[in-house]
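There are two complexes below, and they share chain A, which is joined by chain B in the first and by chain C in the second.
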Partner chain A sequence: MGEIGSLAITFAFVVSIYGLLAPLLGIALRRQDLVASARGAVFASLFLLSVASVALLSALLGRDFGNSYVASYSSAGLGFWYTVSAFWAGQAGSLLFWALLLAAFGSAVVWQHSGRRELLPYVIATLMGTLAFFTMLLVFISGPFERLAFPPADGAGLNPLLQNPGMFFHPPTQYIGYVAFTIPFAFAIAAMASRKLDDEWLRATRRWTLAAWLFLSLGVLFGMQWAYVELGWGGYWAWDPVENASLMPWLTATAFLHSAMIQEKRDMLKVWNLVLIILTFLLSIFGTFLTRSGVLSSVHSFALSSMGPLFFAFMGIIAVLSLGLLIVRLPSLRSTAELDSIVSRESSFLFNNLILVGAAFSVFLGTTFPLLSEAFRGVKISVGPPFFNQVNVPIGLSLLLLMGLCPLLAWRKASSANLKRNFLLPAAAAVLTAAALVLFGPKQPIAIAAFALSAFVTVAIGGDFHRGAMVRRSHGEAYPVALARMVARNHRRYGGYVVHIGIILLFAGMAGAAFSTQREAVLRRGETVSINQYTLRYEGASTYPTSTSLVTAATLSVFNSNKPIGVMNPQRNIHRGHEDQPMTEVAIRSTIWEDLYVILAGLGEDGTANFRVIINPLMMWMWAGGILLVAGTMIAFWPERGESLRNRARYLVEGAP
Partner chain B sequence: MIGVRKKIFIAVVVMVAVGGYLAYSGARSSMAYYLTVGELLDGSAAVQDSDLRVSGKVAVGSVRWDQVSGLLQFDATDGSRALRVVYRGVVPDTFKPGADVVVEGRFDGTTFTAVRLFAKCPSKFEVKDG
Partner chain C sequence: MRRVWYAALMVVAVVALPHAPAQAASTHELAQQFMCQCGCGLTLANCAHEVCGPRDQMLSQIRQFVATGKSPLQIRDAFIAQFGVAVLSAPPKSGFNLLAYWGPYAALGAGALVIAALAALWSRRPSAPPPVAEDPLTPEQRAVLTRELERFED
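Entry: the complex of A and B
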């Protein structure tokens, strides 16, 4: 099986080189048959990489420990699903996964858009060029089918930290997000190369961009969830380079989603959109690379990694080619419209873009600070979380403000009557929230600002829903029917608002961290520790084996103002094969207002236990915000009735002489 | 009447200035020298009393951890030399002998007192040794 797998990867490399060259030659020589054969190359690469993936999966599930990859990332005792997840746990496997996804998305696009004769050849060339890079890494640097001279009796097993449902979903969603941005990027390149510089490339890839953004968001959220329940330090975000690498393309992609709307509606920001999608693609590649190499977490491994220079060379080539192409096309990219007023919906989109890109830039700066300071000053200096927080908290607050202003402002130019009418209620809600918090809550200016702004946005968005429904009701529809029909008529707008409400809940959850408290306690059996209204009594610890590990669990009785509310069991487990790395399993008790989070930090010989008890407010709001974000994106994604008709009409009008 | 372009230009300049100032002050308050164990030991006099971030590997056999008090002592090594590290707090699961660690704190010439301890993230875990 292994031979078939590595042979299939080698063929996929050859086929993708062909798919890169054939369409370009076909255009140069005016030979349609070459372009058509390149389409075949895309499907062939999907077939070949599927064969390789099946070969790897069957090696994993067949416990073929003669395969070096299988021996490194799985073991005989590993359950079915975690064995499947070993596919993307290691470097070679995750590269194969990347290539497989790209071939699959590429095939779908070629199938779906076979009618776009001008764009398609360049789209294929871009996709297959990217695929050639990844299959090259698989063939020459790191393949998943290397054989071991002396097969071990059992594999090393999957790192126990990765044995968590969050880690089953986080890498694939993250990768789907990264890979899917190749599609709009390829269309942007095709638009520039073929001089079809209208918004065809944007409209053709709107759903791909939305889907890519959704999966990237999910990847980040699953990653946060995993860090929260599995890493056991009480938080979900540490501004670690790998986390930053997933955040940066998300920020530029969010900017792109918004500015693309301005180009579609007003024919503005054409160059900006091209720059954003190029940046997003580069950052996706950068993210893939960072997760796989660790250049920045230990700066010194860079020189040792054989992939580092290759990745940088690839990113350099992409940057030079795409930005060069953009500069050549600048004269044809003049915008036909101008901003009418600074107080308009367009300008709120514009500022949202600047802020998001500014955030991405600050994260980039902070992440690469050691490399930059060494290049400029000769000393390696790094910046920590205070840097990221100081810059990004004000950025987050201004984004909140814009999110609230946007639905209140009219397109083109907002009148003062329009402003007065729409602003009154949201502003009142913000003032009331702030006043209530100042009177009754802890005095935390940033958190108070965040909650006040959240109230402002929620009321502003709610008002927009309400006004729209009232207009329909005046035509004789019942209110709920009017509301539902209004959303059904404009999926993108109202789906977008639902996403915004999700983001508000996420922000509120983050702001809640300002009110978190924690305590450390060394307890003997029967002793208690109190935090806020909770009291926890340590009842003792017990040790018992399970099929994969040795579990040591502490038992704590939990009281809420002297009323017993349950038992919590934080654990320290030792997984078989990983005896030097005990795993902390935190115990979490969630309510809608706060999480009680207990870590068993250590356990002495005599049963004395060291606990860290944390209260994390509003964590549920964050996860609920994530669910709303998904729901809203799905609404925006769903085709509207009459959309295809409108597009066809538009096509006919444009195509008319 | 100022033109729309000019207004937007002014707004952008203000935003960039505010962002730049925040970034500058944030960076100043959290800057730390990022050194390897060897670099720290070579130039230890120069960086005493400043915030440091030091990367190395956990020396096998050097870890002493009192689970009850939470006091962790170990040697961080660059392969040839070792730095004595003292840390009190929750030890991340990724911490183990042989793992890459980054410690943040101060160095008094003999012992490194860490206030934060990071061990390499598992997504980069490659083949396990031994």
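Entry: the complex of A and C
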């Protein structure tokens, strides 16, 4: 099977090179047969990479420890799902996964958009050029089918850090997000190359962009959840370079999703949208590059390699070609519409874009600054959470403010009556929230500002829902029916608002960290530690084997204001094959207001146990925010009845004298 | 409306007032300020390794420093002397490092100026010439459609 897999990857590389060249030659020589054959090459690459993937999966599930990759990332005792997740646990497997996803998405696009004769050849060339790069890495640098001269009896097993249910979802969703951004990028390149610079490429890829954004968001959220339950330091975001690498394309893609609306509605920001999607694609490759190159040390450093220069060269080529093409097409990209007023929804979108791209730049600068410092001054420095929090918190708060302002402003020009009517309640909610926190809560200015702005945005969005529903109610519909029909008639707008509410909850959860408290305690059996209203009594520890590890679990009785509420069992696990790397399994007790988070930091030979107990406020709000973000995106994604008819009507109205 | 703004100003004033002096930094707070020297790339407070000699040694040093009454600044200087400036989880705010601290704000400021300039330019630009094609709707139909769309968009 290994030979078949290896051969399939080599053929996929050759086919992708053909798929890159054939459409370009087809256009140059005016030969439709070459373009048609390039379409076939996309499907062929999917077939070949599927064969290679099945070969790798069967090697993993068949415990073929003669395969170097299988021996490095799995073991005989590893469960079925973790064995499947070993597919993307290592470098070669994850590159194959990337290539497979790209071939699958490419095939879907070719099948879905076969009628777009002018754009499609360039779309295929861009997709297959990207695929050629990844298959080249698989063929020449890091293949998943290398054989060992002396196969071991058992494999090294999966890194214990990766043996967590979250890890089954985090890498695939992250990769789906990264890879899917290749589709709007390819259409953008095609639009520039074919001189079809209207908004066809935007409309053709709107759902792809939304899906890519959704999966990247899911990847980030799953990563946060994994860090929270698995890394055992009490938080979910450490501003690790690889975490940052996933945040940057998310920020620029968010900016793109907003500015694309301006182009669709007002025929403005054509150049900016092209810049944003190029940037997003480059940052997606940069994310893969950071994870796979090991150029910056990270909690993801289980994937070190020496392929950094190749990624760097690929990004350089993409940047030069795409930006070069953009510069050549600049004269044809002039907007036809004008901005009626600086106080309008359009301008709030512009500032929202500025803040999002500014945040991406700030994260990029912070992430790469250690390299810059060493390169320019020869001084090694570190850039960790205190730096990122200090620089990014004001930017995040500005973003929150704009998120609230945007729905309050009318398109084209907001009148003073419009401002007065829409601003009063949200502003009052913000002031009341801030006042309540100042009077009754801990004096943390940043957290107070975050909560006040969250209240502002929530009331602003709630008001917009309410106003819309009231208009429909005036036509005789019951309020809940009016609300539901209003959402059903404009999925994009109201789905977007639901996403915004999700983001507010995420912000509130993050702001809640300002009120976090923690204690460390060394306890003998029967002794207690108290934190806020909770008291935890250490009842003892027990050690027992499972199929994959030796578990040591402590038992703590938990009391809330002296009332027993349950038992918590923080653990330390020693996985077979990784005896030098004991793992913490934290115990978490969640309520809507806070998480009680207990870490078993160590066990003394004298029978004592060392605990770290943390109260993390509003964590559940964060996860609820994540769920709303997904739900809102799904609403925005869902096709609307009569969508094309309305687009046509809007076109006619906007084209009117 | 004016009352709301007064109340907002009062809240801002209260928030901006200097607060009571902070209590002595805890071991955890200090641990956030230093990078673990095991190579994990995380702070002492965040190092994910279950067994980590450098982390435990540095945390123990911090506890000793706190117990002997050293200030956070003295602890910082002691660690810099021992490990170099890379031990700090945020680079010192001086010289070249100011680029990292202020670069994003400078970029945002420049971007805001560009947006303001573009907004002024676009606002002054004459409207696009009317389309030559005949309007497919009657004036009455167009008025109804415009009203409906405006209501829908608002």
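Definition applied: the second predicted complex is superposed on the first by the 634 of 657 C-alpha atoms of A that agree within 3 Å, B and C clash if a C-alpha of one lies under 4 Å from a C-alpha of the other, contacts with A are read in each partner's own complex, and residues count from 1 in each chain.
Just so it is clear, a residue touches a chain if its C-beta (ideal position, glycine included) is under 8 Å from a C-beta of that chain, and two chains touch if they have at least 3 such contacts.
For clarity, every value in this text was computed on a predicted model and none was experimentally measured.
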Query raised in the report: Touching A:Ser72 in the superposition: chain B (first), chain C (second), both, neither?
Result: first
Applying the document's definition of touch, where does A:Leu162 land relative to chain B and chain C: first, second, both, or neither?
first
First (chain B), second (chain C), both or neither touched by A:Asn610: first
Next on the checklist: Let me test your reading of the model: by the given contact rule, A:Arg116 touches which partner, first (chain B), second (chain C), both or neither?
Outcome noted: neither
Between chain B and chain C, whom does A:Arg266 touch in the aligned arrangement: first, second, both, or neither? neither
Discussion item. On the A-aligned overlay, A:His500 touches which partner chain: chain B = first, chain C = second, or both, or neither?
Written reply: neither
So, does A:Val522 touch the first partner chain B, the second partner chain C, both, or neither? first
Q. If you stack the two complexes on chain A, which partner ends up touching A:Leu354: first (chain B), second (chain C), both, or neither?
A. both
Is A:His491 contacted by the first partner chain B, the second partner chain C, both or neither? neither
The shared contact residues of chain A with chain B and chain C are 161, 231-233, 240, 297-299, 338-342, 347, 350-351, 354-355, 358, 362, 365-366, 369, 379-387, 390-391, 395, 520, 580-584
Chain A contacts chain C in the complex at 161, 231-233, 235, 238, 240-241, 268, 296-299, 301, 335-342, 347, 350-351, 354-355, 357-359, 361-362, 365-366, 369, 372-373, 376-377, 379-387, 390-391, 395, 410-411, 420, 424, 427-428, 430-431, 434-435, 438, 443, 445, 448-449, 452, 467, 471, 489-490, 518, 520, 572, 580-584, 646, 649-650, 652-653, 655-657
The answer for chain C against chain A in the complex is residues 1, 4-5, 7-8, 10-11, 14-16, 19, 27-28, 32-33, 35, 39-43, 45-51, 84-91, 96-97, 99-101, 103-104, 107-108, 111-112, 115-116, 118-119, 122-123, 125-128, 130-131, 133, 135-137, 142, 145-146, 149, 151-154
Interface with chain A, chain B side, in the complex: residues 4-5, 7-8, 11-12, 15-16, 18-19, 22-23, 25-27, 29-36, 53, 55, 65-70, 90-94, 96-97, 100, 102, 104, 118, 120-128
Listed in rising order, the residues of chain A that touch chain B in the complex are 72, 90-91, 156, 159-162, 171, 230-234, 240, 242, 291-294, 297-300, 338-342, 347, 350-351, 354-355, 358, 362, 365-366, 369-370, 379-391, 394-395, 520, 522, 580-584, 599, 601-604, 608-610, 612
